[in-house]
Amino acid sequence: MFKELKRTKVFRDPLYGYVEVKYEVIEKLIDSKEVQRLRRIRQLSGVNMVFQTAEHSRFCHALGTYQVANLVLSHVEGASLLTPYEQILFLISALLHDIGHGPYSHAFENILDVRHEEMSARIITYPNSDIYKILVNHQINPNDVADIIRKKSKYKVVEKLISSQLDVDRLDYLARDAYFTGATYGNIDINRLLRSLIITKDDVLVRASGIHSVESYLMSRYHMYFQVYYHPVARAYELLLETIYLRIKDLSQNNIKINANLEDFLNVIKDSNNLDSYNQIDDSYVAGFIKQLVKSEDEILNKFANAVLNRKLFSYIELDEFANLAEIKPYLNKKYYYYESSVSAVAYLISKGENEIQILLPNNTITTLGKYSKIIEALANQSYKEVKRIYYFKD
Amino acid sequence: MFKELKRTKVFRDPLYGYVEVKYEVIEKLIDSKEVQRLRRIRQLSGVNMVFQTAEHSRFCHALGTYQVANLVLSHVEGASLLTPYEQILFLISALLHDIGHGPYSHAFENILDVRHEEMSARIITYPNSDIYKILVNHQINPNDVADIIRKKSKYKVVEKLISSQLDVDRLDYLARDAYFTGATYGNIDINRLLRSLIITKDDVLVRASGIHSVESYLMSRYHMYFQVYYHPVARAYELLLETIYLRIKDLSQNNIKINANLEDFLNVIKDSNNLDSYNQIDDSYVAGFIKQLVKSEDEILNKFANAVLNRKLFSYIELDEFANLAEIKPYLNKKYYYYESSVSAVAYLISKGENEIQILLPNNTITTLGKYSKIIEALANQSYKEVKRIYYFKD
Amino acid sequence: MFKELKRTKVFRDPLYGYVEVKYEVIEKLIDSKEVQRLRRIRQLSGVNMVFQTAEHSRFCHALGTYQVANLVLSHVEGASLLTPYEQILFLISALLHDIGHGPYSHAFENILDVRHEEMSARIITYPNSDIYKILVNHQINPNDVADIIRKKSKYKVVEKLISSQLDVDRLDYLARDAYFTGATYGNIDINRLLRSLIITKDDVLVRASGIHSVESYLMSRYHMYFQVYYHPVARAYELLLETIYLRIKDLSQNNIKINANLEDFLNVIKDSNNLDSYNQIDDSYVAGFIKQLVKSEDEILNKFANAVLNRKLFSYIELDEFANLAEIKPYLNKKYYYYESSVSAVAYLISKGENEIQILLPNNTITTLGKYSKIIEALANQSYKEVKRIYYFKD
Amino acid sequence: MFKELKRTKVFRDPLYGYVEVKYEVIEKLIDSKEVQRLRRIRQLSGVNMVFQTAEHSRFCHALGTYQVANLVLSHVEGASLLTPYEQILFLISALLHDIGHGPYSHAFENILDVRHEEMSARIITYPNSDIYKILVNHQINPNDVADIIRKKSKYKVVEKLISSQLDVDRLDYLARDAYFTGATYGNIDINRLLRSLIITKDDVLVRASGIHSVESYLMSRYHMYFQVYYHPVARAYELLLETIYLRIKDLSQNNIKINANLEDFLNVIKDSNNLDSYNQIDDSYVAGFIKQLVKSEDEILNKFANAVLNRKLFSYIELDEFANLAEIKPYLNKKYYYYESSVSAVAYLISKGENEIQILLPNNTITTLGKYSKIIEALANQSYKEVKRIYYFKD
């Protein structure tokens, strides 16, 4: 149905050997300027300040997620229940799910007040985007892809495969981030996991016999959160960026001119639907204006831009019984200098049922993972436990 | 103090690159007939019937455990608190801890009613053994080694490093058995784990900051139990051996002659202190008499020896809500044909304290792992959960 | 065409994740007693005396070779040119190619004067074998399989895939033996290699663009030969076995009775077509009679059986400029005590053309690897270089 | 002698587990702005356009090279012949050897006409650099480090370990670049290699018994050259940068103003000794001005800046028998649009002796690798073979 390439195109990848591209539409989407932009955004923002090898881009994660989707289609029982159109939607959504990310995405979302998934959906449905045109040219409705990313429940199984507590996105990034940081916790036995899954007409289930691979995957997730994603030093670095973003926003809302190359950034702050400007913004764009802000007349911008370049990070304390509160008193709630941070790495969320991972028992009834595994129940509780930190910037 | 080799001798090993031997006493012990016998005993008994690559011997595990001890001495903070004599005792005990194993050890212990640790200690202190002579020649008291293996609390720190809930034995075998089975659960970050340990004058502690590597290690242990060590089919195979062992014992106690080469085996059954005979018994010894028993006049031996060769295994059911009890009724308690098996893979044991893994908190107080980690608490409870199986042999 | 299993059966394997069995005939062949016998024969005979982890069996190599054949069918361009019958013949031949091996195969072949390939073919076409019956039951002509193994040029492409200078056998064993010894030289990028191959109507070609993966594979082969397969100490150990085999043969031809369990072995020496006896002989069979020969009245058997158990190996010198010939003078040509050995590890054989690896150039002409790559030309020459060793046994 | 840190500081690294820092001077050097700048320069310039995961920085290679030096000191026989001062010089030189690299280094060197090694030496001896001050503060003469990098033969053994045909630099980058590209050719058995080395008073030798690990290392090098480093598409991308650099230089020499943020770049072109400006220039600096040049009034800058952003690469043909010369005729020698490129990946250089890898024979004489190994001789010849390519830019 969908046009195939004459010869499968491959991208070398350390995790899967190859990323394999069979359809023309996928090839063209990879070449689109919106997907290519992901080459210039690091997957792990400031984590490279702690794990110096973590320089990999969101682009290779996009390809990786797409390849996991490929593997799902070829290895998971029941995948053939998906129609050809659903299958291609699945591959495309896997590839495109993260195109809405900005540089230092967490900080960026805080300023914009729009989540990256929403930005992804907007870009896909923006008639001026390469992506939109490619999709339309290949008889794919961009709104279908956007609806999957926005979770409109139109293609429920595909949605679940793209974004749930066990999805192609997480399978790729846990393994990938472990590989590129050198953390050893992200070892996921993806072959075994895929063999445990069953796609039915309206759901994705895990056989009870595969419980160990799921437990192991969630433990990886839990450890990666605490060891990598929420590393306090990485956060301390990202807060510098967040402070600069915030100050820029504050100044621009007060119509105070900043002497730096900030046009696209200001456009986006003013209107998050300005997707042409959005597409200009990437890690090196930010690195560019930070270098200029080093000489800014605004004291805050000046100070924090210099802090970035000289790696002068926010200090932090954990709010536990041993916390020395006197230390932070002078900073309390002082704008730009003080942040509270609650890290609760929810490796698994026990909920009212339908969002949980569904376990297919030997007698063909279904239960939830939270009920089936005491370990995961404990993990869910443990990972809820908030670690509260106060970050403050000492002059 | 202890004689060093002119040049470090090495054994290639897939897990550590090399096993490195610096002391003459270690080199000679490795060459002793008692350690060499471990080459002829598979580490995982019948597991190779399920994981066909699991043919590795107890010998390579002995070398591996020794090498982990090496790494402890060179990498763990506080290792230098051990005296030179304690250090060499540690290396030697690591190498020798398993020499008391027999072929299909679990079944063998059941017949002998002596645990392999006790057999190890006896061999070490048996004046006719190579090991005894080598130790004495190198000014090492064999009783000191035996006491460590028998846990006499004379060298408490060494004892704990050799055998506790986090010891060099487990660190090697989890990783090794995972490597040779192809299971992916045994990935242990040994570098990180060793960096988390602290040896004090009278204990071995884990820094709280290393909690993730310990949690991860125990999860590996838990998964290896269920996926590999207690695999029901491996058990079903080992029960054939156990039945043959048992029948031989029963016949010999009734003075019924068996037409096979069984002298050493019968010697040992009669007197588990017959260490010369003990040393003759290994996997190929058992394979040898099983081939002969195929034509035995004793119906039981005949039947089960044939079953081994033709891989006709015990059947089993799990005693859960779905169990079909009618199926097993004819076999109930029928000697040789019926076994009850309770698998409770205790990946971690929460106890009254001193046997637990000790966690050193940032404020320099100490707590137990069971209290510190909810996940491990759940793991301990979950892994207690018994799986009850009935094995029965259908003619 | 060929009966498929309801659900793909898998065997865990560290190299490929899983060995996947789709056809009933393959499942049944794996369960045959002739294939199961390979569980009891070590892949690398005496190499475990040097690399102590090399205990893996010929069984796991048989499964591995079969799995590589699977990968060829699913990944190599042009594989669909093979008819369904040829495809199944290919899978079966891959699985069965080594069933003719005996224990310590090299020594065994020397005594029997029959190569293991010929023995494999005989077993496959022996109407009493499980294999024969299974094949016939599944509409496969055993002679077709035997002809492939005997290289009768009936199914040329399949033959080439099974046995040539780049075949599924070597791809598996190089990688596997590297994995289980811990040698690091056998790293083969099998994904890339398979992508470089093209199956045509009557040949298997390698694209010139894939030259690097082929060069790398042959270098691995070369290094594995020198580092592992022809390790002089492994050879020194195997010569003990060879001497015992030889002495048994000599005595039996002179009708001298040997006091040990040797019936099947003697049967086979007398008549290599005695396949029922052949099937009884495996590593533990040999271990069994060696233990008995320790007390043999025949001085030679006695001496060498004791040597095996006490690891008293043949000494050796290399016949180079530095050789101390005086050392070996007393042993010169003394039967049982003296062997000459010429090791020429032919990692690649440059021949008159058709047996060479064929390279498909960008202009669609074909050349040979020996002409195309200077490195391989040098490798071929270098690996021809004979290392001559004299092995002699000092009392 | 040199101040040690209270507790060894570690950096996680996927290749070695950890990079370990014991001395204060190393810690401070890592924190210097000149070493930190390497975080912002990709190790493999434009290779990420072909291998999308190759985003790793020169910073992690600097740490890795330093760690290999650490391993040399702790594992290589004879390392203790180096004085404490030489040892610390070795560690420092390993860490600093690449600080002179600019963004897209090859292109940059072509413009500046200064090699990066010379730039490294200048930075180290520049009194305003952090590095200079740190060294002086720790009683290390910066000129000693610079002399090693400039190969002044003052510390011959250290020089050889830092830069020769078998040095810590190459050992790290081959393995690292393989890891981060996913190429599988860079697998180097560093443990075994280090065990093969011997440091003598005035040289670094390789035992003949280690020949296989050296052959294997050089084959890796050879394959990495052709598969990764000289990949024609990576080169085609880098030529865009080179063209832009060149045009900027030409315009500035003609005093034509360019409307972009180029001050530091122009300073450096004018005077390569302007190290303050040099230190400002990194990958994101270049990314920054390229974005500005997209709207340049200069047609050449405009065209090529746009080409970079839209990945419109140079075309190329190989000058072999099949070359279509008509295709390139219109571009012949047209400045900016035409480049000739001769790739001769010299994986090993056979020279008049002293620069070759020295092999220590069993009889304690020394020969060169080129004489000792036919394979390396062929490799040397084969890798000399030039591949000539014409790159041209089609409007």
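Labels for the chains are A, B, C and D, by order of writing; each one numbers its residues from 1.
In this text, a contact is a pair of C-beta atoms (placed from the backbone, for glycine too) under 8 Å apart; a residue touches a chain by one contact, two chains touch by 3 or more.
Note that the structure is predicted; figures quoted are calculated from it, not measured.
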Which neighbours does subunit A have in common with subunit C?
-> B, D
What chain lies farthest away from subunit B once each centre is taken as the mean of the Cα atoms?
-> D
Quick one: report the Å distance separating subunit A from subunit B, using the average Cα coordinate of each chain.
-> 44
Averaging C-alpha coordinates per chain, one finds the centres of subunit B and subunit D separated by a number of Å equal to 49
Quick one: subunit A and subunit D, Cα centre-to-centre, how many Å?
-> 33
Multi-partner residues in subunit C (2 or more other chains touched) are 17, 192
Touching residues (chain side subunit C, partner subunit D) in the complex | 184-185, 187, 189, 192, 212, 215-216, 219, 222-223, 226-227, 322, 362-363, 373-375, 377-379, 381-382, 385
Touch list for subunit C against partner subunit A, complex = 10, 17-18, 191-192, 195
For the complex, which residues does subunit A have touching subunit D?
-> 11-15, 17, 31, 33, 36, 39-40, 42, 48, 51-53, 55-57, 59-60, 63, 179-183, 261, 280, 283-285, 287-288, 291-292, 310-311
